[in-house]
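Structures follow.
In the two assemblies presented below, subunit A is common to both, partnered first by subunit B and then by subunit C.
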Partner chain A sequence: MSTIGTKIYARLQGDRTIWLVTMLLAMFSLLAIYSASGSLAYKYKGGDTEFYLMKHIALLIAGFGLMYICFLVDYKRYSKIAPIALVITIPMLIYTLVFGTSINDASRWITIPVVGISFQTSDLAKLALIMYLARAISAKQDYIKDFKSAFLPIIVPVLVVCTLIAPADLSSSMLLFLTSLLLMFIGRVDIKYIGLLVLLGIVAFSFLIILGNFFPEIVRLDTWITRTKDFIVSSDGSYQVQRAKMAIAEGGWLGVGPGNSIHRNFLPSAFADFIYAIIIEEYGLIGGLVVIVLYLTLLFRCVSLVTRSPKAFGAMLALGLCLSLVIQALVNMAVAVHLVPVTGLTLPLMSMGGTSLLFTCVSLGMILSVSKYIEQMSSAEEVKA
Partner chain B sequence: MDIKNEILWRIYLVLLIIIISAIAIFVKTAKIQIAEGDYWKAKADSLYLEYRPVNAARGNIFASNGSLLATSLPTFEIRMDLKTEFLTNEIFNENVDTLAKSLANLKDSPFTPGGYKDLLNEARKNGERYLLIKKDVTYPELKKIAQFPLFELGRFKGGFIEIRKQVRKRPFGQLARRTIGYVNSEGKMVGLEGAFNDVLAGEQGKQLMQKVSGGKWIPVEDITAIEPKSGQDIKTTIDPNIQDIAENALKRGLTYHNARHGSAIIMEVSTGKIKAIANLGKTKAGDYKEIYNYAIGESTEPGSTFKTAAMLALLEDGYIDVNDTIDLQMGRMSFSEEEMVDASYHALEKTSIQKAFEISSNVGIAQLVVDNYQMRKRSARFIKRLKDFNLHQPTGIEISGEGAPFIKEFDSKSWSGISLPWISIGYESKLTPLQMLTFYNAIANKGRLMKPYLVSDVEEFGVGTQHFRPTVVKRTIASERAIEKMTKLLIGVVERGTAKSIHTHAYKIAGKTGTTILNYKANLPKGYRKYQASFVGFFPADKPKYSCIVVVNTPRENGFYGGSVSAPIFREIADKCFAMDVDMHQAINKDKPKAMIAQHLPKVKKGAQKDIETSLAYLKLPFENDSELDWAVVSNAKDTLQITGRKMNSNIIPDIRGMGLKDALHILGNLGLNIKVSGFGQVATQSILPGTKAKGQTIKLTLN
Partner chain C sequence: MKDLNQNRKAIIQIFFVIGAFVLLARTAQLQLFDSSYKRHETVTGVQEITLYPARGLIYDRNGKLIVYNDALYDIKVTYNQVKDIDTTMLCELLNIDLNTFKKNLHKDFKKDPRFSEWIPYVFLKKLSAESYARFQEHLYKFPGFFAELRIVRGYSEKVGAHILGYVSEVSGKEIEASDGYYSEGDYAGKTGLERKYESSLRGEKGKKYVMKDNMGRIEGSYKNGSKDIAPISGKNLYTTLDIDLQAYAEKLLQNKIGAVVALDPSTGGVLAMASSPTYAPDLLAINRNRSEAFTKLASDSLKPLLNRALNAQYPPGSIFKTVMSLVGLQEGVFAAHRGISCRGAYFYNGRRFGCRNHPEGIHNLAKALQYSCNTFYFQGFRDILEKSGYENADKGLDTLVAHLYRFGLGKPMGIDLAGEESGNVPTSAYYDKVYGKGVWRSPFIISLGIGQGEYLITPVQMANMAAIIANRGHYYIPHIAQHFEGNEDAGLSKYQVRKETNIDPAHFEAVMDGMELAALGGRIEGHVFCGKTGTVQNPFGEDHSAFIAFAPRENPKIAIAVYIENSGYGSRFARPIASLLTEKYLKGDIDRENPQRVWMEKTMLEADLIPK
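Our next item is the complex of A and B:
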């Protein structure tokens, strides 16, 4: 077994640490899902707790398949398809907003005809926008401080995509906006322009709030207000947050052990938004730390890709995708410990999130593809030298 | 600064911010655990939750005709949690006035709006989590109350708690109460409720509940509740009409004779189905109620009704024939120096066995048994015969608490020289009324012994899941010849013997009276003796449909003999059963209809033409019709009935005199009239003249 493992490891191209972190997160998610989906299993599947585990395993296998395919693809192709993907995404976002399937009262999903799989268009839009940004930023490096030729083509897609996602899914929209800002910042966009973009973002958001008063079924104003109010007004937090805190308090240093969580039965969305609380209850402060460190390791590796080839499209792409992933993870954990209001963002790769998981895997596949080429490039440079 | 360096410092800045955020998350986690840990753990304990069982809806008990004998009605108890986490002062104060007003407007509410407001405010101040708002709330009421201000916000925000309870209702009240069953004072379930509890109870569900102060559990909305599985229904063999007849007849009899208690059972001969089982005991208040299942639980010495078993044994063994002669010795005879006396004085000496049985002569029957078994040293054979009749076995009725039968063994220690003669006339043995009836039912059923039973089906949502078929316990208890002779003897008892007071020409009854002295061991003079009067038999004797036993314990007034106390009750039950059941009647028109019988043709009510034709066709009465309309009048025409159609005008009140009430109500109702009815029978007068225009008037009908 170990010899096969070593063989695979030896043959494995790309950044091995990223591969390892991905595997570890996936393993961790299996344990967490098995525990946290207990109440769901009792409600819908007559106590068949394996059902949700099996579903998650199936999704993970499919996700790793997709990841491997994306890893094999030459990352330069992503640069080529980026504008096309963005152009396709925008009408899809509009369609979703108007006709999409509602889950938890938010119109975020569309179903692919024939195949019958539902997915969140915002997941797709996120990929497309980050790909586009990486391409634009890396291509315009030489005149990046110019407003008309560099800044405008970059911010228009950001504003359009984020505004279209925001009515049904403000958290994802803000996350994407933040990721874009950071990517632009790193990509040397002038700070005053970034300030301008922030201002524009605030204007767009105010516009949405006004719109929400007239179209409450499209803009989820109520939810935003309740969640923000819960966060600001009550020091203990909403019922969910209180339950999450009880779970965390129960955990101690080492946790109550796998499968022994009590609060999973009372914590709504224990298997998705609040899985971090259950992880801490079962695996303790140490377990929580391990999860944070795993995500941070992912970020360090991506940063090192940029430091090795700063101007390259690939490095920007990897960093953008990784930032989006890691920030989402941190926001999810911050919700569980009541540092920010409830958002509804999942913990990437860990939560039982269905098709979102597949998109996360695609992101990781792309990052790995980039890492493979940057490795080859640097070894080629070494050879040259 | 070159491009690379600019990118690098920017990226490290971003990295730094992210690392700081991660540290912040970790620190906050640690803070929740370490600094706030005790607070949250205590809070978790205060929200202590547990899965508690939830009772399932109990199944119904149906009568054989589908009427409900026992059912569970849901009622609700409304409580209020005034300390629920999301009930803010703002919400509470905003709604407390309107809620108080709504509550005060409820039917039978004990407080005024002001009173309710005080109650709610006080409870809020005391942090009550389980304040009783209203008990015994019906489902429609619950729906209404759930819409009240504050309550409409639900469990968490509005503190609204509904607790589902079940009340067991018996739509027929006391009818067969003991057999249907209930929870008795010791918390034990009796009757069919107890016997079929497993089926009726269903499966408990589980509901997450939260413990609040005072050790009360309140349900919590949660996603893991397991719904209870409703119990199944059972369908009994009991016919509520016959049951009603039996109970009424028994009650009248018991009251007239001021008896202590009594029971009556009616069984379907061919199947062993118990159609009715009445048990009435005198309460301290002096009235009669179903308080104990005497018919199933009380074993007593049966007395003369047992003579049938002795006689059947003699006939089966072929030792005697009914026309043989016997010396009754004027009703006095000694067996092993113990004197036996006939119950009523007579001066008969040489007489037929038939006559001896009909007058229920103790001396006669005992003498026959002693002569044929004891004297010939084959007493054991007599006991074996009784066992052939299955008299030593309990019936195995579904309900628990059946009294054990007792038939003395020949080789037992208590067997003495006088055992056999006394056993033969119904002493030194014990049987319950049901066991005795089962034996007589076998005689009525041509020797086939059926197991008595009360439940025919188990159903789930109206679909049968289990069906209980009639059970043959013994294919035959005696030869056809012996059974036939026995039946004749039993018919003789009613026609000429101790039960001749209930003899009727309408149908034949076969049966036997019994009068047991309950306290003969105390050797009391006649006035202090306690009796048990019984009558058991079947009808119509030539084609038995039902068997029936009536047992009256300790009659204290107006006689004490089985023939004068129990037989009349039997007759009343049999009469009504007979009247109710067309199948038992001899057809009066089984011959071909005779010509020129116009004078015998019955008067027929007016009414729906189709109904009239169906009825006349069923009765095979000749009729002719000249039209096909909805309504018709019938007149006698020569040797046939003439049906003439009647057209009903949609807004003219017709002549409805001579119609049945059902048809009259139908027609007048369609015309939009208010109808007031008095009397019984067919319409004799109508308050508005025929031909008047109908415009919603009130019409009074007198029936006659």
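Our next item is the complex of A and C:
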């Protein structure tokens, strides 16, 4: 085994640390899911606790397959398809908003005809927008401080996409908006313009709230209000949050051990939105620290890619995708410890959940593809030198 | 430029590291410093336990307790704690068979989401206090079993079911309408006083928070009980009822269909209100056989659930002549000494309206009342209607209607029980519709003059008529709640408003003279008893027997109405019953020395008028 492992490792291209982090997160998720899906298994599958584990393993395998494919593709191709993807995405977002399937009361999902797989359009839009932004920012580096030629083409898609996602899925929209801001920040866009964009974002959000009063079935104003109110008014939080806090309190330094969680039986969505609480309960503060460090490592590696090729499309793409993943992870954990209102965002790669896991894997594949190129480039430079 | 770029990256990295640090710090804080989640490491949930307040008690006018709270027990069980129990003994103690035991204990824990092996569920409902006492002695032998107290209503006398009403589990609709007060399984007043004064009687629920471990065991109070709220008991209700009189009224009405209403004329307070057939109030109290009892009562053809005193409306018949007399006197169409000749019938346009069998001749008002002379009132009625001319009967009728409304007729009186009927007082608009405007004349509707025709009156309105005459012109809205303990308002002030009829008090003497004569057959030793019989023609069978009365003539203490369906002359049943009840109220009991009174009581008790 170990020899095969070392062989693979030796032959593995791309950033090895990112590969390692990805593998570790996936393994961690297997342990956590197996433990947390117990109540679900008893509820729907007559106590077949392996069912959800197998399902998750199957999804992970599919995800890693996709990741590998994305890894193999030359990342410059992503630059070419970026504008096309964005153009396709916008009508899809509108379609979702109007005809989308409601899962958990939010019309975020559409089903691909024939294949019958349903997915969240916001996941696709996220990829497309980040790809486009990476392309735009890197292409306009030389005149990036110019308002008309550089800034406008960059912000218009951001505002359009985020506004279209927001009515059904405000948290994803805000997350994407923040990612875009950070990406522009790194991409040397003038701070003044970024401030302006923040202002525009606030205006768009106010506009949405006004719209929400007229189209309550499209804009989920009620949910936003209840969740925020729950967070501000009641110090104990909703039932879910209360249970999550109990689970965390249970954990202590080292946790109660794998598979020994009690609260998984009482905590709704223990296997999805609140998996961090279960991880803390079973693996303690140390386990939580490990997970956080894994995500931070991912971020640091991506930032270092930018350092190595500051103006390149690839570095921007990797950093954008990575920022999106890590912010989502931190927000998810913040929900579990009751630092922010309940959002409905999953913990990337860890939570059980079908297609969004696949999109996460695609993102990671792209990041790895970029890292592979940058590595080759630097070694080529070394050879040249 | 490059420096700035480096800076920006550093800023972002710092930003994320701080974020991660905050997360970890918050996690540690939840574990180390927030005592509410940490102290009980095995706690899996905080459970809210509702504390039920004691429901307000109900007393009669003499301070006798009528309705109190009784204890019933629900036996609950936690399945995974049940071990090695003596099943036979348990069944014997609880008086159930083995099948019931098995059915109640073994739930489908896998498939039925309502039950869990470690959460207590109800094993046996509504165990009486006596049965529980027996079981309690042996309770320690049955691990996993425990009892939960349920408060139910108890009744000191088994009477007054229609007035008192009953309490039962709230429906989904009531829960919705209650603004969050009721939750599933709560009890609330459904009929009678229990319903009318529910918000005062029920009190306020309290709450207790306990923490439970993953096996469902109580670990202790949550946050040291700082969030607990003590329940507030319901307010006690003091009624105007005389429970002894109520019991006697129900006894006299046994095996008859009808109603009795007795009022205190000086306050409008209801002394007794009986409707027959009736049922024992504890039959519908919350106990094990209640739904069965209710189904049986609801399907009974004699409608024992119907409160005939309020919810039945009858043609008044001759008792109405008292009111007609007063209106006639007030309108000046007849004077007290006016005589009207009666030859055994009233003739109009070749038609003959028969009169009762009484001495022929010229009668004044008092005699006409005594003999219940139809001729006198046919003529009187026409005089009232034709006061503005023969053509203007509508004007005359509306004058009469205005008077009747002031007597509390034709609309619900506003008694503090739900579902009161309005009775019926036809107006000129009604006859305009029936006959056409300006077409009809007083002879068309002449039977109204003797309380027949379209008139309908509820027994409580009849009793109120008697109270008005007793008071010489005024009344208070009949009511049962006198006051609540404490400063509870409960909207009782409207029962202290004196209502005037606009009849000159001087006109009452002649009517009282007549009623004194008409009530001679029910004479009560030592008191002047005034009354008026009614024999109401009933196209479906034997006439109804009616009687309204009050006593004594000066400073009246009781006004009463008795209405017995299908029992013939008013003097046959209604008058003796009214007389006995009046004597009972005035003297505490009937005169047992007087063989005539004893015989009268015996006859009434033995009479069986239920159609077979």
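In this text, the second predicted complex is superposed on the first by the 385 of 385 C-alpha atoms of A that agree within 3 Å, B and C clash if a C-alpha of one lies under 4 Å from a C-alpha of the other, contacts with A are read in each partner's own complex, and residues count from 1 in each chain.
The working rule: a contact is a pair of C-beta atoms (placed from the backbone, for glycine too) under 8 Å apart; a residue touches a chain by one contact, two chains touch by 3 or more.
Since the structure is predicted, the reported quantities are computational estimates derived from the model, not experimental observations.
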Fit-or-clash call for subunit B and subunit C when the two complexes are aligned on subunit A: clash
Which superposed partner A:Gln141 touches (first subunit B, second subunit C, both, neither): first
First, second, both or neither for A:Met246, with subunit B first and subunit C second: both
Which of subunit B and subunit C A:Ile186 touches, first, second, both or neither: both
Clash-bearing segment of subunit C, relative to subunit B, as chosen among 60-68, 204-212, 348-356 or 402-410: 204-212
Intersection of subunit A interface sets (partners subunit B, subunit C): 182, 185-186, 188, 242, 245-246, 248-252, 262-263, 265-266, 280, 285, 288-289, 292, 295-296, 299-300, 303, 306-307, 310, 323, 326, 330, 333-334, 337-339
Of all residues in subunit C, those that touch subunit A in their complex: 1-2, 4-6, 8-9, 11-13, 16-17, 19-20, 22-24, 26-28, 30-31, 34, 36-38, 41-46, 110, 214
Residues of subunit B that touch subunit A when the two form their complex: 3-4, 6-8, 10-11, 14-15, 18-19, 21-22, 24-26, 28-30, 32-33, 36-37, 39-41, 43-44, 47, 49, 85-86, 156, 208, 222-224, 226
Sites on subunit A touched by subunit B in the complex: 39-40, 42-43, 141, 182, 185-188, 239, 242, 245-246, 248-252, 262-263, 265-266, 268, 280, 285, 288-289, 292, 295-296, 299-300, 303, 306-307, 310-311, 319, 323, 326-327, 330, 333-334, 337-339
Residues on subunit A engaged by subunit C in the complex (per definition of touch): 46-47, 182, 185-186, 188, 236, 242, 245-246, 248-252, 262-263, 265-266, 280, 285, 288-289, 292-293, 295-296, 299-300, 303, 306-307, 310, 323, 326, 330, 333-334, 337-339
